[in-house]
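What follows are several structures.
Next, two complexes with chain A in common: one pairs it with chain B, the other with chain C.
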Partner chain A sequence: MTYSNWPWQYSFPPFFTIQPNLETRAKQLEAWRSLVLDYHRALKLAVLDVSEAERSELFNNAKLQRKLPSEGIIQVLESLAKNGNAEPCNKAKTRWYIYWHTLPEWADKMYNWAQETGQTNSVCTLFEIMNASDQDFYGLNEDVVIKALRILEGKQKAELILDGENSGVKFF
Partner chain B sequence: MRRSAGIGAIHKQKKEQGKYKDKGSELQESQLEQMSKQLEVFRINLEEFAGKHRNEIKKNATFRRQFQEMCASIGVDPLASGKGFWSVLGIGDFYFELSVQIVEVCLATNYKNGGLISLDELRQRLIKARGRSKQHQEITIEDLLSAARKLRIFGNGFSIVPIGKGQYLVQSVPGELSMDHTAVLQQTANLGNANISISILKTHLNWDHERAKKALDHMVKEGLCWIDEQNTREILYWFPSMFSECITAR
Partner chain C sequence: MDRFDYCNFELQQGESFVKTERGVKLYDGDVKTSYQGGELVLTNYRLLWGEPGDISKCLKCLSLPLSYIVFVEEQHSETFFSKSKKLIIHLAEPEKGRGLSPLYNSNTFIKLSFKDDLDSHFLISLNEAIAARAWERIRVSPQASSSQGIKLRAGIVGIERGIQQKQKATDENISAAFEDLNKLMSMANDMVKISKAISSKIREKQGDITEDETVRFKSYLLSLGINDPVTRNSFNSENQYYQSLARQLAEIMEQPIIEVGGIMSLTDVYCRVNRARGLELLSPEDLLAACQLLDHLKLPLRLREFDSGVKVLQLQAHSDEVIVADTMETVKKNGSYSAEQLAQSLGISVVLAKERLLTTEQHGCICRDESIEGLRFYPNLFLDK
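This part shows the complex of A and B:
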């Protein structure tokens, strides 16, 4: 799968230099945030590896010979995290979860789906959730699914049963 | 020729002068009377004309341009006031409406161009926003200039920067641009690029390094341009307002 929905900024060379003017930088980071989210949504990528990202087309425009340096990538990720759209997978912050919908949003979507399809009070497997073909969370990363379900669990709206391949959830 | 001398001659001369004077003021008076009559007729005709062609004024760009030219040549500004003699023409209304729309477009695009927009882009966006009917589409660059100039009354937050070759930029952020900043914009436009550098300014404008850097730094500070540190030779300064992908972006 290739990504084609590049914004105008992607062909604007200074987009790849973190801007010194704070107002301009705020606009720049906003454009980066929406590009990163849209890119991950379109390609269904849940995890971003910082060292790989430097080489990925997302941050490296080969045609322009411009790339966002890793400090820049970290800044983009930190600013995504502030909005609940990203979260480091490890303490070293070398890998990040990218949430094009925030976890509470995912949780709501899954709960609504369960209600609409009459699955409350019965167990459905994580596999079923990830294969609900008409849903936004179709093909979503399992870690992210579990994180979203944990939020429902915290609200007593679901209970997770984690058992390897047979993992499932009971919605209330 | 022998001149007449004596008291009689002097009296005669005085009497003649008096006659000329009387005749002169008589002529002046009749001229004035005639002129006010003409003006009255002109006014009546103009009002009649305006009444009949009110819609035409709003719709027809060529007419507006000719009218503007006529006014300029006789030193009248039909936009000076919304009231009075000229208001009957509805010319003012047209431009006031346009001014408001210009401000709207400038505010709406500020997020990407930092408050600097080319008049061409402004026109494209206005036309899109004004709707499809023909009268809304026929907005000329002259119309926009007239309308945008009216916005000067709001102080230096709004100005028109000529950048040569009949091109203009409209600046909609507070903070006046100096001669040097205008020169930077002109030079950038002149080279047909959206970027400029210190060495280009040194070569083309004969500036020293300090002067070029100071001007560019100021424009970065004002959010009018972005810096690109990944060019192999030197830092490039980019203007989104002149970058074609930015201009055509929504």
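This part shows the complex of A and C:
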């Protein structure tokens, strides 16, 4: 799977230098945020590893011979996290979850799907959720699914049953 | 009594005992002191006073060099109560640079009071010792002998002497060099005067030589610099000097700064000003001090310091907005610019070109691209698109 929907900024060299001018930097980070989310949505990638990302085509434009340095990547990720679109997996912040829909949005989507397909008050497995072929969350990372369902649990709309391979959820 | 010193008694070179008296009391002017009943020793250099027995044991005693004694007289006014004889010793002014004496009173005379009857020979011996001036002979002779004596080359003394001689030679060289410089300066001033005289003569007889020659000659004269540079000597206060300097600076730099686009780095200004002055060169500190007054004196130029610490002179009318708009246009036309390229295309220094770009960036009109190839600036498409 390759990504082809590059925005115009991707071929604009200053895009790969974090701009010192605050106003300019805000616009630049906005562009980076939407590119990162779009890229991850298109390739269904839920986790970003900072040291790997430095070499990935996302932050490294080989044709232009420009790449965003790791400090820049961290800045982009932190600005994503502020909007609820990213979250560090570990304390060292070397791996990040990327949420092209925020967790509450995912939760709503799953709950709606459950209601539409009549899954309420019965147990369905996480495998079923991740393989709902016509849904946004088709092929979504299991960790992300569990995180979204935990939100529903908090609202007393679902209950998680975690049991290794046979993990499931009951929607109310 | 401030001519007295404390010392441990020890005979100096060429010093010898003359006389000793016991039971002697010292008076500071007319006032009694605590130095009473002591021993007075006269040598051919000094008058010494000590507690009885101290002098012979080489302990602390008071010492007065005979060189201070101007005149000695006997006090005759014997009253009924005091049978003691007294000598009044008139003293010379203390030497300058002499360390503080333990006894500060600066009376011009002291008195010696002799409890026992005074040996009449004492006064005579004292006067003889003063007249003989034995201390002078000694002080002169060791110097004379050292300069004529055998040269010692070995040891630390030899090395020290060598260093001293070298230093002396350097000193002489330096002063000789500066003498030449002073001559050069005075000659140069004359040269400027002559050139002025010639130029005024040319003006009078303009018909005799061709226009072309006049112009050429004038250009030679002009390259001699400013006719009447402001110099520190002609002012009493620093402030006045700097103010006049600032005025002259504004006068001579305004045109060149307009020519280079309204802004010039202080380094360039410094070079140009000193080139124009030719002789009376300015120090960087003086130039800076004068520049700081430019704004205050409401002159057409002003000093400006960029965030990076680069200092420039700028036309008062010159504003950032103009620079920013201008730089943005230039960058847009070319697609992208590095500081070096901008400097080349505008004919300004790289430092200034960089400042221009940074200012424009601050205004959000361009954005930067930092890569291994260096820093380049692009039109700010982030905000424009």
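We adopt the following convention: the second predicted complex is superposed on the first by the 172 of 172 C-alpha atoms of A that agree within 3 Å, B and C clash if a C-alpha of one lies under 4 Å from a C-alpha of the other, contacts with A are read in each partner's own complex, and residues count from 1 in each chain.
The criterion applied here is as follows: a residue touches a chain if its C-beta (ideal position, glycine included) is under 8 Å from a C-beta of that chain, and two chains touch if they have at least 3 such contacts.
Worth saying up front: this structure is predicted, and the values here are computed from it rather than measured.
Participant: After the alignment on chain A, I want to confirm one thing: do chain B and chain C clash, or do they fit together?
Facilitator: clash
Participant: Which partner does A:66 reach: the first (chain B), the second (chain C), both, or neither?
Facilitator: In the superposed model, A:66 contacts both chain B and chain C.
Participant: Return first, second, both or neither, reflecting whether A:27 touches chain B, chain C, both chains, or no partner chain.
Facilitator: In the superposed model, A:27 contacts both chain B and chain C.
Participant: Once chain A of both complexes is superposed, is A:121 in touch with chain B (first), chain C (second), both, or neither?
Facilitator: neither
Participant: If we overlay the two complexes on their shared chain A, which of chain B and chain C does A:16 touch? Say first, second, both or neither.
Facilitator: both
Participant: State whether A:7 touches chain B only (first), chain C only (second), both chains, or neither.
Facilitator: first
Participant: With the touch criterion stated at the top, can you tell me which chain A residues are shared between the chain B interface and the chain C interface?
Facilitator: 8-9, 12-14, 16-17, 19-21, 23-24, 27-28, 65-66
Participant: Quick check: in the complex, which residue numbers of chain A touch chain B?
Facilitator: Going by the criterion above, the answer is residues 7-9, 11-17, 19-21, 23-24, 27-28, 65-67.
Participant: Could you list, by residue number, the parts of chain B that touch chain A in their complex?
Facilitator: Where chain B meets chain A, its residues are 111-112, 114, 195, 220-221, 223, 226-231, 236, 238, 240, 243, 245-246, 248-249.
Participant: Can you check the complex and tell me which residues of chain A touch chain C?
Facilitator: For this pair, the touching residues of chain A are 8-9, 12-14, 16-17, 19-21, 23-24, 27-28, 31, 65-66.
Participant: Going by the contact rule set out above, which residues of chain C touch chain A in the complex?
Facilitator: Where chain C meets chain A, its residues are 336, 361-362, 364, 367-371, 376, 378, 380-383, 385.
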